[in-house]
Amino acid sequence: MSDNFDRAQILVEALPYIQKFYGKIVVVKYGGNAMISPELFDAVMEDIILLRLVGIPVVLVHGGGPEIDAMLKKLGIESKFVNGLRYTDRETMDVVQSVLCGKVNKDLVATLQRKGASAVGLCGLDAGLFRAVKMPGEDLGYVGEITDVDPGIVLRAIDAGRIPVVATVALGTDEDTPYNVNADTAAAKLAVALGAEKLILLTNTRGILRVLGDEDTLIHAIRTFEIPALRNENIIAGGMIPKIECCAAAVTGGVRRTHILDGRIPHSILIEMLTDEGAGTMVY
Amino acid sequence: MSDNFDRAQILVEALPYIQKFYGKIVVVKYGGNAMISPELFDAVMEDIILLRLVGIPVVLVHGGGPEIDAMLKKLGIESKFVNGLRYTDRETMDVVQSVLCGKVNKDLVATLQRKGASAVGLCGLDAGLFRAVKMPGEDLGYVGEITDVDPGIVLRAIDAGRIPVVATVALGTDEDTPYNVNADTAAAKLAVALGAEKLILLTNTRGILRVLGDEDTLIHAIRTFEIPALRNENIIAGGMIPKIECCAAAVTGGVRRTHILDGRIPHSILIEMLTDEGAGTMVY
Amino acid sequence: MSDNFDRAQILVEALPYIQKFYGKIVVVKYGGNAMISPELFDAVMEDIILLRLVGIPVVLVHGGGPEIDAMLKKLGIESKFVNGLRYTDRETMDVVQSVLCGKVNKDLVATLQRKGASAVGLCGLDAGLFRAVKMPGEDLGYVGEITDVDPGIVLRAIDAGRIPVVATVALGTDEDTPYNVNADTAAAKLAVALGAEKLILLTNTRGILRVLGDEDTLIHAIRTFEIPALRNENIIAGGMIPKIECCAAAVTGGVRRTHILDGRIPHSILIEMLTDEGAGTMVY
Amino acid sequence: MSDNFDRAQILVEALPYIQKFYGKIVVVKYGGNAMISPELFDAVMEDIILLRLVGIPVVLVHGGGPEIDAMLKKLGIESKFVNGLRYTDRETMDVVQSVLCGKVNKDLVATLQRKGASAVGLCGLDAGLFRAVKMPGEDLGYVGEITDVDPGIVLRAIDAGRIPVVATVALGTDEDTPYNVNADTAAAKLAVALGAEKLILLTNTRGILRVLGDEDTLIHAIRTFEIPALRNENIIAGGMIPKIECCAAAVTGGVRRTHILDGRIPHSILIEMLTDEGAGTMVY
Amino acid sequence: MSDNFDRAQILVEALPYIQKFYGKIVVVKYGGNAMISPELFDAVMEDIILLRLVGIPVVLVHGGGPEIDAMLKKLGIESKFVNGLRYTDRETMDVVQSVLCGKVNKDLVATLQRKGASAVGLCGLDAGLFRAVKMPGEDLGYVGEITDVDPGIVLRAIDAGRIPVVATVALGTDEDTPYNVNADTAAAKLAVALGAEKLILLTNTRGILRVLGDEDTLIHAIRTFEIPALRNENIIAGGMIPKIECCAAAVTGGVRRTHILDGRIPHSILIEMLTDEGAGTMVY
Amino acid sequence: MSDNFDRAQILVEALPYIQKFYGKIVVVKYGGNAMISPELFDAVMEDIILLRLVGIPVVLVHGGGPEIDAMLKKLGIESKFVNGLRYTDRETMDVVQSVLCGKVNKDLVATLQRKGASAVGLCGLDAGLFRAVKMPGEDLGYVGEITDVDPGIVLRAIDAGRIPVVATVALGTDEDTPYNVNADTAAAKLAVALGAEKLILLTNTRGILRVLGDEDTLIHAIRTFEIPALRNENIIAGGMIPKIECCAAAVTGGVRRTHILDGRIPHSILIEMLTDEGAGTMVY
């Protein structure tokens, strides 16, 4: 009994956090390790279902790099690189679309369904969700830049109590082709269009560290105006630069808080949202 | 962090229970010790708010014997007894109505409001919720028997996301007076009228014990057809008889499960509803 | 037949008045003699039910001084006075809440129900209707000043075709206690929050008299800018000062017309609203 | 003041009647003298507006014999008669339709609008309200018998708070022509299709008299099963036969009460509905 | 089969036009030859039903000069003329109202109903649709100028999937009489009040011709600012002046495009709306 | 002009067909040649968009055999066969899901979007649309048999004016894997669950021919009870057997009419639905 009393106590302690976020949309960008380890995968799914159930609508935006790479390799398609960036030719794009929208996306949906939630798998082609043009600058093939977001179909899914799962392929408005779009950016733009309360980027890092490699120097919160200085000091560097910029763009677009969370920690989403512990780095 | 991981883990383990009861109405009859001890009082309030927040609408039906007794004593009104039952004369009825509907009821509302919920205090007089006639048999004064329940106002409060708090005074249809009605019975009749999933009676006992005084002999579940035999064996006896009969009537009226819970255990409602531990005795 | 023809004729003559106020909210502050005399009481109830039925929603705000005094006396609680104002200690506040919210309020509801209307008894604690802080200035104990009005629950009751009956107890935001608030002021603030068309204060006077004691000198209408001059002339004086100020505040807040009516005249509300006779004094 | 007190008193005495019919549809068949005398005309319009305003939806079905006759005369069209019944040839039918749907109907609408109500003029052609076939038996030209009533457009007008005014011309389903249909019958069939509470036929008589010409022998109420006997006794005779049959058919179809009222008495509708005086003869 | 393939091909070619106007209101002013020839009449009805069915709501506003003239003649009412304009005395106005609202209007409704559409016949008297005052200037009797349009009843009919058919008689606000109003003007004002996409005036001409009588010189499109010059050049002249001014007023009021179409060509509405051929003259 | 008059004429001739099917759901199973030829593909897309636009909701169910085969070949996965049926191992199932749900499905959505419709790509995993168990009998690996259809998500898409495009992969309820399900069967079961009016199977044949190879002997209509005889006569044979059985099952489940259409004829859907020509074979 005492064990169950503790359980009840913990549930009750989550109360103020649930009240705080009740009815507010949270966009979770899901990728990296958290997607590969079956245990972490289950934890993320459970976190999302729990949030949805306690009245906090979650939209799950996902990438799928490793599964795409695996398929390209099986097909013997070699990736061209332009200035270190992968070039997406037509054949590659077909694989991206198949794997992202057909495999990764629908597998997520199937898992959520099996765990008792109602989920629907969408991509940017559905109901005009994401429209894009060819990414300007260096020619990267079918890599697009999102120009319009029509969140109607996502909002309807939320209203029906469903968890929308979104693959980041967009409808081309300059050419009759789909475009591959960056998942972090797509998540940020969708969060803005939905008037989301929160954007969470699950990553393979603890967040922004003041001293490289020293997790004790984690910066818990960054205001957008502090970003330039932190970049000058090289504290925001490498792969963190585009992520922080996504966060900053979301904040500018009206999302109240954005978070770079460590997807390697099980239940990091719930810990961030329903306990007094701020996990990872918050940009606001 | 590990502490918070455990917390998240516990939240996630509540998931299947929340899914099971999602959107289903639970009527809680609240009285006895759980109402007097400030600590237990807080725990009950938190349990109810949490359930409401995770999508399980709770209706709180309450008595208020001790506060009524205290007021009668202050006023120097002596209670007449008829065959061991208290006689409610007109003056007493006025005190019952004032204290139950004005003090106990609205104090509960104020507490729920302060803890962040939206609550509304109702009694059987409001919008024709309970109608009653004078209790037949021995003359007990203004003690009534409920003849009609119009749950409309309670359902509208639920739809608005509120927690209805109900004092058990009823509109007389035979005379122009309110009647005092038994709170357990009122809760059971309201549960039936609402098509509730569950009726929970909070008491000062562990439940039905096979051997008097030995809590290890707690009977976890009783089917309604087993009640006569258990009464013959004197296992259901004394104050438990009317409670079990309320439960049986509710089950007959379509309430799926009814529970006699120990209100002296903090969070017994949550433990019953969101863990694998069945607390108290279930009648179904 | 001719009698009934006259009746029909009178009903028809009320037509333009009903059309004028159709769908517009009227807040009636009810107190004083009209509440004590059974005959006047019945007339007020009938007026309100008729207005509601012909499509003019009424909100009934009430005091309950005499019943509170009677109970305090029975309990042997002596009232302290501070500069002539009654001090509300904790014990007194409990009595105020019990009698106002539990007895007076629910008795009004029961009467309206018995006469065929649907009514619901609310107080400022319900769904955050009135929030208050301790009245500044002289310490009067648990006497509060309303800081916020959330009329949501009253509007929903109106939408459901019900007559909301409101007791003027408020939720404290500075301390964990309810506050007693002035009923005239509460009615005025509620009228503003509801966007009411009219505020009617039922009193024990004919209205504002130019010559004290001479009812022939009744002033039928006062514009808010005329108030200071009338106070200088001592025409608005004594107990009328706070009432006129309530009216003025309501007018400033957007209520189109406010009325100080003589509650001693049966059906004064209907006479004011559905005939060509302006009863009492109008402030606009 | 005493005069206005009486007025208020009379309004209040109407209360139980308004409550009784609140939200229930009343179909009034309007014709005869009440339509010709300007004073009676005004009284009928006011009765209907008042009922609508106090929440009793009225549907006004009208004939227009005198205006049709006047126009036929002006046009020099002579009426053929078949066994004493007027034969409606094509030219006559055109006049019937023009005068009934264009003049009488829209004049009623204009009057109701000017008196502050919202009204809409419809005929059986609109939205398939009445469908008819040629009246069987003796050839009477374009005289039809209603086969179908689709009350949808009338119900929508009621929902929008409007007073539907209905001219009794029907769409032919056997031929491509409109048919003239009997207004009493049409009113009765519409009352049934609308699930009306009441059907009122305004006539030029006091009702059914036990002794011809002696108004003191007015029969106040007839049950449908008494009709055959009354016909045998010649108490129901002449023009009253089809009217009583309309009433009987309406009662059989589910209309609770039907009334043959004296349209020559001003406000006979209100007197019937909102006083304790039963005017005319009720068939139920 | 090849014939049906062609049919399907043509249907498909209409697709982009249907998509363009989907859900947008089109007001058609119907009069002249198209109303008299049975073949043209059928074609107009079919065009309107088809548009409604493919999701383009049509409102049909009609005149009825020839039928009114015929009736006046039959009645031996001679028309007075004032400066070449017909004077509408009271007797004439009665005929106008009867024929327009009762005959022409309801005949259109009956035809649409028989062809499977749902239609409702309205005039400016219904639900306050058109309000007017006496036309200023030369006394023309009961000829009015529209001052207010309340399109509520038309919008509700559209929402119910019906085709509103509107006769242009208006409620007088200066006198207790209906007024006859110009149908082109009424159509234009209604189009503005409805926020219509298009106003179509069906006429007996090809449109505006640069060279009188030479249809090859049809001007396909006129911008409103070009009108004064075209009037100076006498290209817009005679009966075309008021029509062009209606169009211009509609465009100023927010109607995107207005068209003067040749009602003598069968299906000119469909040809204008669902093919690449612009028929008649467009003013925008 | 005469050309456009013909066009208008043809549009108008489609009117009764549009009226007949207005608001009724049509399920189209799309596969075979019609999916491969770009010209036929465009024609099918246009037919569907046109039907949706004129108010006939279409649900598009598709297969994708050729694209799956191509991908399997590229990946060097050889197909095992069991009694002539392809065995779907886990690796093959992954390819089926990727190509069907990610490529074929979303390409259809993209095309519909580009042509101005609003479409959404779904599969049986989304919101529990199709649930299945392993196909009984011969072990064919991950080939499933549909046990439950929850059409909620498809109905919501229809309500939002969208065209649902459905890939036939189902959620396993016996194992944690998706199953490949037969597209004809899935379309038939979905049609039943949706209460569809029509099921159309696009095939590579003219329909059921009485004499093999002789298209002049096409059987236009078959009643379900005639099927056994036609099978005995070998007129229904080979690949037509399961198709006819799908049709028969749909008819038994309440679908009014089912059609086996020749997908090689452009616009065969429109020809069937909006002309007087019955294309292919109807089973009803």
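To keep things simple, chains are lettered A, B, C, D, E and F as they appear, and every chain counts its residues starting from 1.
One rule holds in what follows: contacts are C-beta pairs under 8 Å (C-beta built on N, C-alpha and C of every residue); 3 or more make two chains touch, one makes a residue touch a chain.
Owing to the predicted nature of the structure, the values given are computational and were not obtained by experimental measurement.
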{"item": "Chains contacting each of subunit A and subunit D, listed by label", "value": "none"}
{"item": "Mutual neighbours - chains that touch subunit C and subunit E alike", "value": "D"}
{"item": "Counterpart interface for E-F, drawn from A-F, B-C or A-B and sharing over half of its contact pairs", "value": "A-B"}
{"item": "Most distant chain from subunit F, judged by the mean position of its C-alpha atoms", "value": "C"}
{"item": "Most distant chain from subunit B, judged by the mean position of its C-alpha atoms", "value": "E"}
{"item": "Superposing rotation of subunit A relative to subunit B, computed on C-alpha atoms, to nearest 5°", "value": "180"}
{"item": "Copies subunit C and subunit B - interface residue numbers shared by over half, same or different", "value": "same"}
{"item": "Length of the line joining the C-alpha centres of subunit C and subunit D, rounded to whole Å", "value": "45"}
{"item": "Distance between the centres, which are taken as Cα means, of subunit E and subunit D, whole angstrom", "value": "35"}
{"item": "Intercentroid distance (Cα basis), subunit F paired with subunit C, Å", "value": "68"}
{"item": "Two or more partner chains touched - positions in subunit F", "value": "none"}
{"item": "Contact set on subunit B toward subunit A in their complex", "value": "1, 4-16, 18-19, 22, 43, 46-47, 49-50, 53-55, 115-116, 265-267, 270-271, 274-275, 277"}
{"item": "Partner subunit A, residues of subunit F touching it in the complex", "value": "71, 74-75, 94, 97-103, 105-106, 109-110, 113-114, 118-123, 125-128, 152-153, 156, 160, 162, 169, 171, 176, 178"}
